[in-house]
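Report on one structure; see the data block that follows.
Note that the chains take the letters A, B, C and D in the order they are written out, and that residue 1 is the start of every chain.
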Amino acid sequence: MDAKLTYVLQLADTCLIHAQRLGEWCGHAPVLEEDLALSNMALDLLGQARALLTYAGQLEGAGRDEDQLAFLREERDYRNLVLVELPNAAASPSDGSGGRDFALTTLRNAAVSIWLELLYERLQASNDAELAGIAAKSLKEVRYHRQHSSDWVVRLGDGTAESQARMQTALVVLTPYFNELFAAAGVAGVGPAWGEIEADWRARWATLLAEATLTLPRDSAMQPQGHLGIHSEHMGHLLGTMQHLQRAYPGGVW
Amino acid sequence: MDAKLTYVLQLADTCLIHAQRLGEWCGHAPVLEEDLALSNMALDLLGQARALLTYAGQLEGAGRDEDQLAFLREERDYRNLVLVELPNAAASPSDGSGGRDFALTTLRNAAVSIWLELLYERLQASNDAELAGIAAKSLKEVRYHRQHSSDWVVRLGDGTAESQARMQTALVVLTPYFNELFAAAGVAGVGPAWGEIEADWRARWATLLAEATLTLPRDSAMQPQGHLGIHSEHMGHLLGTMQHLQRAYPGGVW
Amino acid sequence: LAREEAFEARIDAGDFIEAKDWMPDHYRKTLVRQISQHAHSEIVGMLPEGNWITRAPTLKRKAILLAKVQDEGGHGLYLYAAAETLGTSRDEMTEALLSGKAKYSSIFNYPTLTWADIGVIGWLVDGAAIMNQVPLCRCSYAPYARAMIRVCREESFHQRQGYESLLVMMQKGTAAQKAMVQDAVNRWWWPALMMFGPADKDSPNSEQSMRWGIKRVSNDTLRQKFVDATIPQAEILGVTVPDPDLKWNAERESYDFGAIDWSEFWRVVGGEGPCNRERLAARNKAWDDGAWVREAAMVHAKKQATQAQAA
Amino acid sequence: LAREEAFEARIDAGDFIEAKDWMPDHYRKTLVRQISQHAHSEIVGMLPEGNWITRAPTLKRKAILLAKVQDEGGHGLYLYAAAETLGTSRDEMTEALLSGKAKYSSIFNYPTLTWADIGVIGWLVDGAAIMNQVPLCRCSYAPYARAMIRVCREESFHQRQGYESLLVMMQKGTAAQKAMVQDAVNRWWWPALMMFGPADKDSPNSEQSMRWGIKRVSNDTLRQKFVDATIPQAEILGVTVPDPDLKWNAERESYDFGAIDWSEFWRVVGGEGPCNRERLAARNKAWDDGAWVREAAMVHAKKQATQAQAA
């Protein structure tokens, strides 16, 4: 596959699948205000995914639109981070929507939004005008996500003993998956190798965790490969749900 | 739809969906012996579903085999009890496989196996030789299921304070759905109205609960209508999972 | 007593009552009950629609549905705020919902079984809700009236979106999609008619509410208005409603329609609908699962306040 | 010391050792470690395959898969029983698994991503397992040898079923299905080769085990045998293996194959494979969630015993 197309899909699918997981929270958040905030974040990410997928379809040149890319690919063709396909709660291995852990969700939101912010900042200067435009437009959104979720990380980390323990547990679960945030290759003139933002991300993350009185877990050698199309066992279940209508009603118009 | 076909599908789909839920336990049971027992029960029910669906396909006369009926119908065409489509744990509303509550599963297994035993006993004498044959063959299996799950109901009901409380909670959740066990019409000469086994079922159930030191909850006026094709919100999620491959790979040969 | 008479006079004059104004206890209680019930309906209503967010068939429809459910949460928020002006806290109201003491609209005790249900909820359920709610924009209690103006504006938008999504399926969709829409209409039609509440003759609370300007139009009048407005829309859509007795009455210039199954209505109101238990269980689970989060937020805020003081 | 010499003499003579016989501590420990590790592998191995039970594409395939996973549970049961003859309880072994102290086959730390993975696991993973296990049917410790005879018989059956399911897809399936099979082979080939363990030169425990007749054939020998047996099957199937260096060596009458990525092997053994954490978490969750069940069963049994005594 074309390197630029791959690069765009890695970003597009990460936004898409992240939004899909956030959508599972709707109606089940700890407070009504968070129901709104999580839907809002899902909506923003969905919007980013739509812009990026539409552009990916143009790059591909096979006439596929955002929906054909979102709903009719096979699992191996999705290029999102494994991190965002993990269920909203750990230890619900064969599925996603059953469990919802606000600690894990909040930490993931913070980690991904810092990452997106750093990426979009750089992509604003892309030679690819389309990508630069999407990045500029999305930057304001992910800054807000980063602010909102970071506030919660601090609140819950430096809250009660229970909340701190829950956050620390979730942090241990998620940390190995963070390795993939820096794994994908760049495309000259288009976008940076993800590795280029690693130092910045790790510095910001450490600062946030310190403020939240959380302890950085030891490094992991795990190498998740969602960006190469090799996912976790959760992805198939997520896609089965997400693609259901498009698969069950071929030729449907919605 | 033909009354006999409907009657057969109500039974077939109940076995099929019951097996589907039991299959979710595989590898997650409280003891290894129960992993084997639950898979075994799922296998038996799957076998019954296959025989019944194959027969339903013949009755329908449209050339559909067991797989086309099992995997390619729309939700409204499935005629199983709502009881068996409920997730294995209560309060995981939008999904099934996330939670697994052994109390709920055990009580449901006991309730359904007593019901199947009573139905198959009567269906052995059906004028319909095919149905009579399936019933006779299946009776031995469901007797074993009834024995095994009843033993567990007693063990857990009359076990610790915690196990009793869990069983009582699960019983309160399931009881309204038991109303549907007696809801479907009979077909003269073919099979009894389900209502005809109500007295027997309720007597056996009361005896079992008494032995298990559990308290019969108050009657409910709820009227689940799975046997008429109107399901719970869980059914769509279950089918999305179950049908995924057949939908995603049209024309596939497995 | 003089205050009560003055209050009644203001109501009769069509004045709006503000939170700071004196009001009779019963007026206050009636309003709290009605507004909180309405707020609860928005919150519980997020569940049947939320059930399809992960399965919306296109990204556009997913975005629309997410935004809609988010709006409902927003309605809940400002309705709770309106009720709080009457001196009842959101926590108290939440507690009443979770314990089953408070009611919410029975319509949300029906399941969303297909994607078409989402469109039909927009068209029929939001349609009926608007019909119920438009008169409330002139409710005598001003904070409620203001909230309702905003709610109604957004609900109309949702209603149009729902109808539009059905139109697309009926006009451009496959046979299976059309059948799905018809099936959804069949299942939601009667419950939608029940949304206007019991027949006037069986609606004891209505009279006082009418006098106080909390309720402006009777149940049966609204129901008739809804049927009259909806049937032409159904015809454009190309669906029928599951009522063999429905027919145009040229004399009344209105539709006659069949008898409502009030036993079903009362069964669902009484807690025995298809989803009553699950809706309450879901709300309770969300609340219980979130206890540690709310507690941590409170403790953290206190820590911050203490530090700010110390500094 | 005399006992030890007598023991060694029996081993050398090809005698089988029974549970009641005297044996050196180290022999006992080695066996407990190996048998329990094997039992754990069966149990953890239920997870990747169990992942597809709810999604099997036909009822026949669903039944076959359910029965297969059930067999694996059964293997676990009788392997634990064989290990128990050596004086270690099932609970002790379970505890070692759950705490991460005991190992299980690293192959189960890879995910099953498509339905074809189920067939490929049958063909390659069960195939490699059988290759490993057939020599164990002649293991010097008789209870283990007897268990392995039964295990191998069932595993061969699974292997044939897996291969058959791939044949159907490759010979009668759609292009998408064929691509799915090839992709699964690409992902499982190298991990399957790693199932034979480190190269002989890096396998320090092997020598003693060989001498004691616990291990009968070296890792590299088995691996070569597996490659030689499997490549012709791949050709019949119509798939390739992802190894550009693979070629027939006419001189050795055997296939030469490329270098194994031992850094990946050690990473996965070390706990950093794609699913290590999730497998252990799933087993721990099942165990923890089941605590109340096991406790209730015990308490109930005691009650029954007390009543029986009193009667």
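We take it that a contact is a pair of C-beta atoms (placed from the backbone, for glycine too) under 8 Å apart; a residue touches a chain by one contact, two chains touch by 3 or more.
Just so you know, these numbers come straight off a predicted model, no measurement behind them.
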Chain D reached from chain C - shortest hop count over touching chains: 2
Set of chains adjacent to chain B and to chain D: A
Winner on C-beta contact pairs when A-C is weighed against A-D: A-C
Chain at maximum distance from chain D, centres defined as averaged CA atoms: C
Chain centre separation in whole Å, for chain B relative to chain A (CA means): 39
Distance between the centres, which are taken as Cα means, of chain C and chain A, whole angstrom: 34
Interchain centroid distance [CA atoms averaged], chain B/chain C, Å: 36
Chain A, residues touching no fewer than two other chains: 24, 74, 94, 97, 236, 240-241, 244
Touching two or more other chains - residues of chain D: 47, 50, 54-55, 176, 282, 285
Chain-level touch network, classified as line, ring, star, complete or other: other
Chains touching one another, given as label pairs in label order: A-B, A-C, A-D, B-C, B-D
Complex interface listing, chain B residues touching chain D: 16, 20, 23-24, 26-36, 39-40, 42-43, 46-47, 49-50, 53, 66-67, 70-71, 97, 100, 102, 154-156, 158-160, 162-163, 166, 241-242, 244-246, 249, 251-254
Residue ranges of chain A touching chain D (in the complex, touch as defined): 74-76, 90-91, 93-94, 173, 176, 220-225, 230-233, 235-236, 240
Residue ranges of chain C in contact with chain A within the complex: 43, 46-47, 50, 53-63, 66-67, 69-70, 73-74, 76-77, 80, 115, 165, 168-169, 172-174, 176-177, 282, 285-287, 289-297, 299-301, 303
Residues of chain B touching chain A in the complex: 24, 74, 87, 89, 92, 94-99, 236-237, 240-241, 243-244, 247-248, 250
Residue ranges of chain C in contact with chain B within the complex: 47-48, 50-51, 54-55, 111-114, 176, 180, 183, 187, 267, 270, 272-275, 277-278, 281-282, 284-285
